[in-house]
Amino acid sequence: MNDSAGRHERGKAMFEQVFGREPRPGNYPEFLELTVDHLFGEIWSRPHLSVEERELVALTAVALARTDWELRGHIGASLNLGMSREKIVEVIIQLAYYGGWPVANNGLRVAQEVFAELDATAAKESGHDD
Amino acid sequence: MNDSAGRHERGKAMFEQVFGREPRPGNYPEFLELTVDHLFGEIWSRPHLSVEERELVALTAVALARTDWELRGHIGASLNLGMSREKIVEVIIQLAYYGGWPVANNGLRVAQEVFAELDATAAKESGHDD
Amino acid sequence: MNDSAGRHERGKAMFEQVFGREPRPGNYPEFLELTVDHLFGEIWSRPHLSVEERELVALTAVALARTDWELRGHIGASLNLGMSREKIVEVIIQLAYYGGWPVANNGLRVAQEVFAELDATAAKESGHDD
Amino acid sequence: MNDSAGRHERGKAMFEQVFGREPRPGNYPEFLELTVDHLFGEIWSRPHLSVEERELVALTAVALARTDWELRGHIGASLNLGMSREKIVEVIIQLAYYGGWPVANNGLRVAQEVFAELDATAAKESGHDD
Amino acid sequence: MNDSAGRHERGKAMFEQVFGREPRPGNYPEFLELTVDHLFGEIWSRPHLSVEERELVALTAVALARTDWELRGHIGASLNLGMSREKIVEVIIQLAYYGGWPVANNGLRVAQEVFAELDATAAKESGHDD
Amino acid sequence: MNDSAGRHERGKAMFEQVFGREPRPGNYPEFLELTVDHLFGEIWSRPHLSVEERELVALTAVALARTDWELRGHIGASLNLGMSREKIVEVIIQLAYYGGWPVANNGLRVAQEVFAELDATAAKESGHDD
């Protein structure tokens, strides 16, 4: 497909574009490498879908998977890519009809937590400005 | 929310925009009414997401649900709304990473069947022209 | 828990009450034994839920699992236990809201096939009477 | 289907019958409106299934969905509608066989938490009486 | 199948082999009895798969089910049966490709918590030795 | 990670070891390349799990996903890698308890179809020998 240094650089740039931060070295460096080099460097970098469309697909899939921690990450990514809170909520409301009320109620609860944390951080930061 | 005649008309128009055909009276008229009047008349008609974005969410959800008959319907809807075959395939490829290889292999098989039928129909129709 | 001859007899009687027929010796006699002796002889025979309530739970679970063959079996069991067609359809319609439209559309399609086969059989049988 | 004021009133009454409390105005007023007006006002209010049967279907679906917060709500609803703790536990035990041991162990853990909180509340309230 | 005293003893021994501890009398004695006597006494005791292979199947299934509490139990069981941490992590990495990234990220997070607790316990215990 | 020619060769060899045949050029050459080069060349080729253990994980995941076509492929792969029919059936029986009866009944039906086709092919081939 292509050289491994190239896919690492491309993956890192794509990861940062999506999540708005560098990949964090964590407990599983080999899985992080698969995520950055392959998932972001070779899949998210493919043509035919824009990054915003790929995020819409990912947000939908993660909301349906009901894995809260992951969902928090992709709500953050959606905001980072410029999706409004209203639009994120609207995706989850539509999933009430394509995955069922438990998926939607769970997703809205997680979204609310993410939004509240962002508001609290913003309030604190604006407080520091005084 | 709003008057019932209004939501029926709006739902019918939205259904036709998405699927490119009228809702078919079938074996479950009451469920068709829920689909047309409520799902299309009240949910797909909500703001914050375009019809194309809603179809991307629906296509993703139905591919993950692995219900072939439904998936055929939403591949048809995606094409009808102007999504290219390449783009539909690309959504399913991304789902290999967000739902697993079984979801992707299943989805690609169904997409192939839909595309082949369309090609066969087109070939037959162009044959009639001779 | 209890003696193995007892649970086999109890399981066989319960299986026949639910499905309206004897367990069929098939390709996996050991799994059939687990189904009859344990699932029907020890679980369906437990107190606190009536057989009709257990079938409602099973029908719901199988519709959500989207395994057509199994769903056909439990639609048959529901009819055999006296549930009306309207009631079976109503369970599936409710599942549009608790499992999503793909679950409901899939379930209604399977129900329609089961009902049509029963009608065809009934028509043939009534024809033989002439 | 019917006038929107009617379905709101009917939905609110049905919601209160099921959950034993008024719908709480929360962070997503539009989704609450869909839940009350449409899900409870138009679906739970349909014929062919009793409210208790609908709750049995919902409890089963939510236990299979493994969304703890939702499951807590429907264990509460089941108790409110007169289902005994033994019966709720029995539904979850049956789901060990229709959804697997992880579903059942998860559901029993959540049920235990709900029951323990109710006992703690009852103990505190009876303590106040002294 | 076989006498009930026999299956209880066999189930108890198998449970202890897998989890490295006695079954804990808990809040649901009848479900524990089903787990010990039937699941471990009659299923895990069947031929054709080794205990290590059965644990690999169970670990895979529980990771895919995304029920954290259950997954913790089976990561513990895998370690107890001699599977290395590297091997457990490798199973979860493979599941990124057979169940999707949300399954893998969720599983790796739970594994990390289990490993950290074991390390903390080991550190405390080795501290006591000083 | 490593050079792309190397991973293609390694992936092709691993694919052939698992499925007992060359990858078939199909309708989606780019997804086949991802499957061969990445999934088989970079994931199945990782250390810590034997190929037989990876197939046990894959067979479990695919049976739980209830995608018949995929399941047929992995039952074939399991046989190709030397797993006996009894062992494959035993995995599926265990999944009755970790994914529910619908998963097991569906999996056993698919296994039966695969075994019957193999027997029919073997019978025909031995007939040709006469």
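First chain written, first letter: the chains are A, B, C, D, E and F, and each begins at residue 1.
Please note the rule applied: contacts are C-beta pairs under 8 Å (C-beta built on N, C-alpha and C of every residue); 3 or more make two chains touch, one makes a residue touch a chain.
Note that the structure is a prediction, hence the values are computed from the model and not measured.
Visitor: Which chains are shared contacts of chain A and chain D?
Guide: Common contact partners of chain A and chain D, which must touch each of the two, are B, C, E, F.
Visitor: Which neighbours do chain B and chain D have in common?
Guide: Touches both chain B and chain D: A, C, E, F.
Visitor: Just to be sure I understand: going only through chains that touch, what's the smallest number of steps from chain A to chain F?
Guide: 1
Visitor: Please indicate which chain is farthest from chain A, where distance is taken between mean Cα coordinates of the chains.
Guide: C
Visitor: Starting from the mean Cα coordinates of chain B and chain E, work out the distance between those two points in Å.
Guide: For chain B versus chain E, the centre distance works out to 42 Å.
Visitor: Can you check how far apart chain D and chain E are, centre to centre, with Cα atoms defining each centre and the answer in Å?
Guide: Each chain's C-alpha centroid was found; their separation is 31 Å.
Visitor: If I count partner chains per residue in chain D, which residues reach a count of at least 2?
Guide: Where chain D meets two or more other chains at a single residue, that happens at 34, 39, 43, 61-62, 65-66, 89, 93, 95-103.
Visitor: Which label fits the chain touch graph of this model best, line, ring, star, complete or other?
Guide: complete
Visitor: Could you please specify the touching residues of chain F with respect to chain C in the complex?
Guide: Going through chain F, the ones touching chain C are 66, 89, 93, 96, 100-106, 108-109, 112.
Visitor: Residues of chain D touching chain C in their complex?
Guide: Against chain C, the touching part of chain D is residues 39, 43, 46-49, 53-54, 56-58, 60-62, 64-65, 84, 86-87, 89-91, 93-95, 97-99.
Visitor: Once bound in the complex, which stretches of chain F touch chain B?
Guide: 27-28, 30-31, 34-35, 39, 61-62, 65-67, 69-70
Visitor: Which bits of chain D are touching chain F when the two form their complex?
Guide: Going through chain D, the ones touching chain F are 95-103.
Visitor: Okay, in this complex, where on chain A does chain F touch?
Guide: Against chain F, chain A makes touches at 1-4, 7, 33-34, 37-38, 42-43.
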